[in-house]
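By written order: A, B, C and D. Residues from 1 in each chain.
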Amino acid sequence: MSKSRLEAFSDGVLAIIITIMVLELGLPAGDKFGDLWALGPTLLGYLLSFFFVAIYWVNHHLIFHDVETVNLKILWCNIIWLFIISLIPFTTAWAGRYPSAWAPVTVYFADMALASVAFHVMYYLIACEHGGKKSFRLDLRSIVSLVVYTLAAGVGAFCPIAAYIVVAAVSLWWIVPKKKIKKALEKPAESVEKIESDKSES
Amino acid sequence: MSKSRLEAFSDGVLAIIITIMVLELGLPAGDKFGDLWALGPTLLGYLLSFFFVAIYWVNHHLIFHDVETVNLKILWCNIIWLFIISLIPFTTAWAGRYPSAWAPVTVYFADMALASVAFHVMYYLIACEHGGKKSFRLDLRSIVSLVVYTLAAGVGAFCPIAAYIVVAAVSLWWIVPKKKIKKALEKPAESVEKIESDKSES
Amino acid sequence: MSKSRLEAFSDGVLAIIITIMVLELGLPAGDKFGDLWALGPTLLGYLLSFFFVAIYWVNHHLIFHDVETVNLKILWCNIIWLFIISLIPFTTAWAGRYPSAWAPVTVYFADMALASVAFHVMYYLIACEHGGKKSFRLDLRSIVSLVVYTLAAGVGAFCPIAAYIVVAAVSLWWIVPKKKIKKALEKPAESVEKIESDKSES
Amino acid sequence: MSKSRLEAFSDGVLAIIITIMVLELGLPAGDKFGDLWALGPTLLGYLLSFFFVAIYWVNHHLIFHDVETVNLKILWCNIIWLFIISLIPFTTAWAGRYPSAWAPVTVYFADMALASVAFHVMYYLIACEHGGKKSFRLDLRSIVSLVVYTLAAGVGAFCPIAAYIVVAAVSLWWIVPKKKIKKALEKPAESVEKIESDKSES
């Protein structure tokens, strides 16, 4: 299967997930600012989950950037990853309603941790397929993320506010891309220019 | 109509169906793990339906792989198939709420059976259009699936747990593609390379 | 604006409209077939609306088939048409709950009539832009549809069942395309072949 | 990242936002026209928000028209803008239920003002990247819009009806495009023709 179909389908699912979360917000109970304030945790959870998914959207493209065809392992790993991400609206809504309760907080971060694991497995499979096993190396940020999400799932419920802040900080870290990946990102523009200059020369 | 439009529309509809099912999950009644546990059947139903639709997404591409244009019969068969699939969130939610009741279980599996029939009719129409009637042959897996889904719809409500397990097993079988189809899947990469090598030679 | 963007956006909106209608179905009140039976009118309304939107999806492509660029009038006519279509889930849900009440039935058919008017205005604008005013001719089917939808909106509430049947029959008529359009539909395949044969000759 | 991915993702999110708003409408309480009339403010809010988002969809394409690659600042500005827009269904539903209450009206217009600010920041970033800082100039319409939306957020709740009318009028202004942008819009068709004529000449 060509990667374009998989990317288009993943983009579609991510776009829907990121957007339908707002349907889970519900409406404030009344017409006062205080009623909106009461929805505060839900809104903050929505903010965190929105950017969590958006970051994955960006990084999903980065890891598929040099891929041309997709084998079945990668295809199904991607579908499993989409399944985990598709639960984010559910876990966000539950954690938003009970922002400091044990079970919702644990489930919310556990889903994030699972999404991160599945994403890195997918990255590993892509690396194996294209650059060989050795080309895959977990960098600092990936390791920190996996550890932080897992810790948040395990013990975050002891102090939810700290857990939310640490997870948000780690997620923000992903907004700045790795230099290595960044370079790969800038290549296509060059190659397009190159092709165009080649054309004009010939 | 070119197949690309039909594929894009079908992908869109499938991506939405697969994602909005999570909206039907509802929230756990409280903030305990026990409340999540009470949603267990609904979550398992969501898991099964998610992969059921994902498998169709993969196989939809496989049967349209060598198709170039789509005639009206195929177009409308595809729309009828999408209609049947679009009821999956509804049947999943009903069966999730009453996982062992007669009517919801029967309707859930009946919709799956109908989807399978419509899919194979579409496959038959495509085969007739492109390879001639003789190129269409129901293989073992298709026959087993059609029989199992129909049996599950007919008598699955006598022992719902067994029905769910058998249906899940048959669905899992579809994750591993037929060798024949698998080969077709690998062709495009080759043909692309071929074109490119042809270009560089000329 | 190139037509591809407009088509992609319209396809997206139509795919979402056609799919989220199922969310409005609600769940049967209990776990008996009788509870599903009680949802009968809603399900039939969903069936009618699904195919109503699907027919528009097919015909939307037909009228944009020979279009290359889209002027602002066509663009905004398309957006107004999408707005009218976006109300279909709302009117379907209302008419589904009160299938024989005056207001819901009237509003349901009125929205269909408006959608049909907006669609034909768009068709007229496209004809003016591309083939000149004279190339636009309302054929029998268009006139009958416009009249039937308008009549259904005006007096359909006197006998809702008859109105539903007549509207469904007129909609079914659209599944079979006009020969003239059908021919245009078959052209691209030929022209592609022609280009390819031209290439291989040169 | 090439702009096509960003445009496709933004189109997807905008298409979903514009469509799921209808799910927030709810159903009329009964089966009378009076019950529909009671939903009047909600329906008018939906109408305003639908066209507000549609106008952004059109203008989003206009500002990305001459862009080829997207840097990270633009990418994340676009995601923040999408986040703000994704709250429109939420603010529309709240303002629709309490159309003249202080908090909902203020939040509704504040979200519109924020969306407008984020959009113009994105336009500025694109201008900096491509034509240099000097090519960015806020024209009258942009300034009026930013001022009106901000005023509506600040003092619109004193006289909600006037605020809705003024905001709707300013939004309508955007349906007619700037001549400058309009020209850019007409270029691609010419350039395509040019390329084709070049081809046929060679």
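We adopt the following convention: contacts are C-beta pairs under 8 Å (C-beta built on N, C-alpha and C of every residue); 3 or more make two chains touch, one makes a residue touch a chain.
As the structure is a computational prediction, the values presented were derived from the model and not from experiment.
Peer 1: Taking only the C-alpha atoms, how many degrees of rotation bring chain B onto chain C, rounded to the nearest 5?
Peer 2: 90
Peer 1: Determine the centre-to-centre distance between chain C and chain D, using the mean Cα coordinates as centres, and give it in whole Å.
Peer 2: 26
Peer 1: Rounded to a whole Å, what is the gap between the Cα centroids of chain A and chain C?
Peer 2: Chain A and chain C have C-alpha centres separated by 36 Å.
Peer 1: Using the touch rule from the top of the page, what residues of chain A touch 2 or more other chains?
Peer 2: Those would be 8, 12, 16, 20, 23.
Peer 1: Which word fits how the chains touch one another: line, ring, star, complete or other?
Peer 2: ring
Peer 1: Would you mind writing out the residues of chain D in touch with chain C in their complex?
Peer 2: 7-8, 11-12, 14-16, 18-20, 22-23, 25, 27-28, 31-33, 35-36, 47, 50-51, 54, 57-58, 61, 175-177, 182, 185-186, 188-189, 192
Peer 1: For the complex, give me every residue of chain A touching chain B.
Peer 2: Per the touch definition, chain A meets chain B at residues 1-2, 5, 8-9, 12-13, 16-17, 20, 23-24, 68-69, 72, 75-76, 79, 82-83, 86-87, 89-90, 93-94, 97-98, 101-104, 107.
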